[in-house]
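Read through the structure below, which is laid out as structure tokens, and then see the notes.
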């Protein structure tokens, strides 16, 4: 996202950008190198004094990032220049033990694991907060009637609490997916050149175990230099989460339309302001949720494709990960932050909801009429009759109630008062309230 | 995959194609309609006789598929013409109770769930068989030495058992992912027009519960017409699985190269035969695994994008699912079937593996030399020396051992016999055997 | 799109499906084999009698497709069994000259070229018709005022003719892109095993030239077995076209909303009908345009990725083409057909457009006020004042005009009549009419 | 590509990153604002003194980027804070004329056009240089024989010049596509809020024309706020180009394998060096070409999807462009630069090519034998015989020539000397030289 800095945090939060910044990436690699030194000292592969010196030297703030970048251009990866600087900082005695028995990808992968773990935790926090806020919204608006819409047409009445519950319902599973992904990704990478720890002789596995312990990671049965499923799964979990946030944003964008006006993004002075049209309130947060999610969806195949690596460490596919993974998390941070802000600050116009519901003069509950008639006329006949009435109402711009009342087959079964009662939208929210109750109950269980 | 029929089962097995065939799709929808009728009879919403008649009439073989398709063109979906035929088959008394209280998407979604459940089970069977076969391979070749390769260069020795173990290692997690996806997707969809079951009054939830029971599905807290995470998650699980199969195929394609010739696809007369070059053995199965996986990866964003639907039932995104989901499963069936056949039938040339390993005259274990030297010279100096020797060997085409033996710094530390022993590749497989053992042990645990 | 048959032509027209059907694919391959025989007879490589017999035998209706498919499973491609059947039909004397000097991919690629040429022409016809229809619409509604919307908010007035002109404007370039793609893809593939025509000795190039001539194709300088840019470019051209159609569909879906109701899809009895809600008019055509376009967009990376093939004929990437290319065209046929039907049959409610325009009580022209004020107050002050008035109007639900009239800075510059005149939306369509005129003028030039 | 800085220029050149940097993006927007002021002064909309002051103030180095970013967070876009700073720099008299009649997207889009124009030119330069270098390579190696490979198997002999010609052949069309894209994208965006230039009254079109003139851009017939085809087409052109570069990289990666060793990436000390294996020469440039191209392919659907915007300026899809477009160009710059460096510096081992060709003991020309025999035995019988001989040779590890010589049907037609002559690979490069000549001739024409 070059050039994107002037977009501020619209495409990613400062906190998440920090996790994947050059400085923090170097810090993560240094944390791995230092932990490796300590692990090797614990197992007796290198002297404890060397481990101490390396640990002390592994301070990212002392490293020359430009020099690392310049040398990465030549070598192909930043690890060699980084270890060279680390060895210099550690001094000649300790310096020769830096990166002992490791391969470039051991360091890069384990560092990425540390960053991904932090990134997944950041997202989870936002999602959990969003769940709480949406739960309160669902409770508050449990019985506020509005038009339910399918294919962007009024269909049947629902409540805004129900709509909030539908936004909320998939989120607890997403939290679970994030946690599963975090647990699967929490693995140390340490195998040396081809994953066999050949350089460390009999003590390789012990070093690996100690390294995992130092970093709070799991020790997998096999090296995963060429098994990228953990990162790809994390990407999928994040994309699935953002898919549900994009559904939320899609609804808000539509509910905020001038002609609908039922829900509004939170307003700050200048927010969503047009440079030319003072009356505008653009759905900025929602737009960036949608854009971020599309960006994420596009990155998922990159991470899936990176799985098809060759042999013990791969040639090309793997190189897409440093491109795709940080960006995916940064975009997800934007989606999550915008969604949380939206859930917290959105303004709801309950009166407008009710007015919109009445826009179609009872047409919205025509299914109910259809169902009522179906009991005596059968489904098909009822459907046909009501469709005819609806067509007439739409064509003639007469209220649906009036048209129905004029139909002999209807008139002989219902008087006007019955019809009007029958056509009161508030009677037809069906199971909406119970859906809200169940979704909220599940939260308190979970 | 129009026109693809002349490619036989190369892009999908007959069994999986059958699951998603027009006839079976109709059968699945009919199974839902019939189960709905029975459920509604159990709850007392419709007469038991109607339910019996509808169940009896719901035989896909009696349905006119062309008529459904022709009418779908007009209506936009196949459900209305299908229910019309069902009502006709059930007779006028029962026919009026067909599809009672349901909406088009209730039927389509629940039918898709039934098909997806079967599809996931088919894939799981193939993966489990592949695990068994690869486990036997890993055991058999545990100690057969070959070149480990990174960046497509010889790196350090490994064993073919180790390579098999790396192919195998991610598969148990994929089985778990398929099962999680199967459990998450095992949900009934039943909510009527906007998910509120408005047409069924107080008995809606009981009908939904009875319907879930009839079909062996879970009853979710809320309708999921506009929450597509279950299907998207299933797609991710399948894509993750195929990513690992594509890694297997990538390796086989490379190992089967004329210049490598270590592993070969199973051969049948004419298999992978060229129309013009009789000597060719093309890696057909692997090529189709790779193609299928790329196809699957491309479909994943479609299913993720379908999550961003609008309101209670969506306008456009959802319509990508009938396009993407069946195809994703069909392609996955090809990948799984080819992978299983490959694992079962591949031919291994252990002697060639050893010959290739010796190709570089000891260069492949230069790291070991580097490591040995590092103990006295330090990592950097050792690395520099060995790099120089390697450059000389490569440039002069002299055996690496000879070049090393001529270097004073080396000669003063190692005699020729030591050097040759030091450079025997078979000594440097490190942890490879233990990796095999651990991966196999995990299987017997799981 | 397995299982998709019950969706009729919603995801692809019968005409386009026919182009890529198994039967027509076989016919295209046979056309190439027959043309090759004739070309070789012309050059004197094979006897004319053999060419005649092969040409006569190359009748797709006589071929057993199931047998081809069954054998393709083993061989990996349908060409070997197809040539075997062709040789049988041609008889023993001629049969031995079938496929002379060609490789499997020569036949598959050239056949695909023939089909792609036809497919591109089909799409072009629909686009040209759509241009004509939209041009008439733009002319007809040149001065029908409606709300212009940005970020789904009322912004400034436009006309419906202007909206039609915006839908229309990109289409002529798309026609040009389709033609460029058709010209680029119109290339014969004929090179034998590695593209060198080795089997034909000195006469190879002459045969290639004669073959191109027989089929009405261009003869490229080099074989393109491993240069897939022509197909990938065709895919891009089609995707770009459908991108513009998706913009059209997006607008229609939004304009058709219950709360907007300005434009409607053409209605046929049952069209877009809900199975339960008789009042519904779902935007079926638009939804399938959107779904098809998303499907197409997902396929483009597959065809781009197929470019990265290995060596002289590739291993895996190429196999994604038979998967992606036919499907891309089939989906595009749906998008084009739905778009044409939509352009032809859509219903426009000009009165509703005007009513919606007045919804905001003049707010929609606040920019004009802002601009008018800017002349004396400067841009920023004017913007601030009008923003304040808009906020007040929105918050208090008072007409914008009234709020403005009450502001001292405004009142001292404009009397009430001036203000009302200033706020008449019909005055602010600016360049809209001229845009229509220019877009239409360009058409008559082109 | 957050965090990517430590990868230096591996994922993008400094020159291209500069084009899309925050500073240069601001400079491009300022160039548009300044040109707009001058254009409006020319037409008489604003005073010349104001235009002069605004032009003088539009110096990106004086702008506070952090302040723009911070405010963009609130407003949703960087344009409002940028114009505010510009107005301050220009002073109160001129400041009020800043951004006169424009909308945010006018500035963002036209600035992006300026950057895209420069970016496309940068890529074109590299491609043209690559063409020159590859042409020299093709000429130099016109007759150096090597194995042609299909499905990663030896197929028939080719020459390395031919291989270079195949890498080269698609590039001139890509240059043409870049130019077409550059011409199509070279369009000014200027329409105000809804594209109708309403704020400028009758002089709007004149201002637009003057603005286009100031910036050296074309003036389109209609605004293109919601027609994103020009950017999407540019993305496609770039992706198509990189597809061909990825094919080049794929071949180099494979040719550089330890077991093949025919072509090597240029070597600098440390280049592609392993941190642990001194003998390694990793194909770094090729790997990053492949990774960049995959990244680009993933971005194309984002830009295609951005076409489906709503109404006059869109809500979400458009916001993916600032995410995707700069990144696509940056990645392409990496692919182009690596490809050029590769073409320039690659090392070719002609002797190894010849040795590899002989690896299969004549098997590689079995097609030629097949063809020769076909003249008397018919295609099928010859194919069968030679396939049998090949199988025997492969199974028994005997030279193919010997096996053939022992077959009665062969022996009665060819003596041993004939056979050996027949099996000399150098005789079977067919049209390869002529392909080189034609591809080179086309270059001198173009």
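Annotations for the structure displayed:
Each chain gets a letter, A, B, C and D, in the order it is written, and its residues are counted from 1.
Note that in this section a contact is a pair of C-beta atoms (placed from the backbone, for glycine too) under 8 Å apart; a residue touches a chain by one contact, two chains touch by 3 or more.
Remember, it's a predicted structure, so these values are computed and weren't measured experimentally.
The chains that touch both chain A and chain D are B, C. Comparing chain pairs B-D and A-B by the number of C-beta pairs in contact, the larger count belongs to A-B. The centroid of the Cα atoms in chain B and the matching centroid in chain D are 31 Å apart. Averaging C-alpha coordinates per chain places the centre of chain A 24 Å away from that of chain B.
The set of chain C residues touching two or more other chains comprises 99, 149-152, 155-156, 192-193, 199, 249, 253-254, 272-274, 276-277, 282-283, 287, 290, 294, 298, 301, 305, 315, 367. Across the complex, chain B is touched by residues 147, 149-156, 253-254, 256-260, 272-274, 276-283, 287, 301, 356, 359-360, 363-364, 366-367, 370, 383, 386-387, 389-390, 393-394, 400 of chain D.
Within the complex formed with chain D, the residues of chain A that make contact are 1-12, 17, 20-22, 24-26, 65, 68-80, 82-83, 99, 102-104, 192-193, 199, 249, 253, 268-277, 282-284, 286-288, 290-292, 294-295, 298-299, 301-302, 305, 315-320, 322-324, 326-327, 330-331.
Note for the complex: chain C touches chain D at residues 87, 95-101, 148-152, 155-158, 162, 165-166, 169-170, 173-174, 177, 180, 184, 191-201, 204-205, 220-229, 232-233, 236, 239-240, 243-244, 246-247, 249-251, 254, 290, 293-294, 296-298, 300-301, 304-305, 307-315, 367-368, 371, 374, 378-380, 428-432, 434-435, 438-439, 442.
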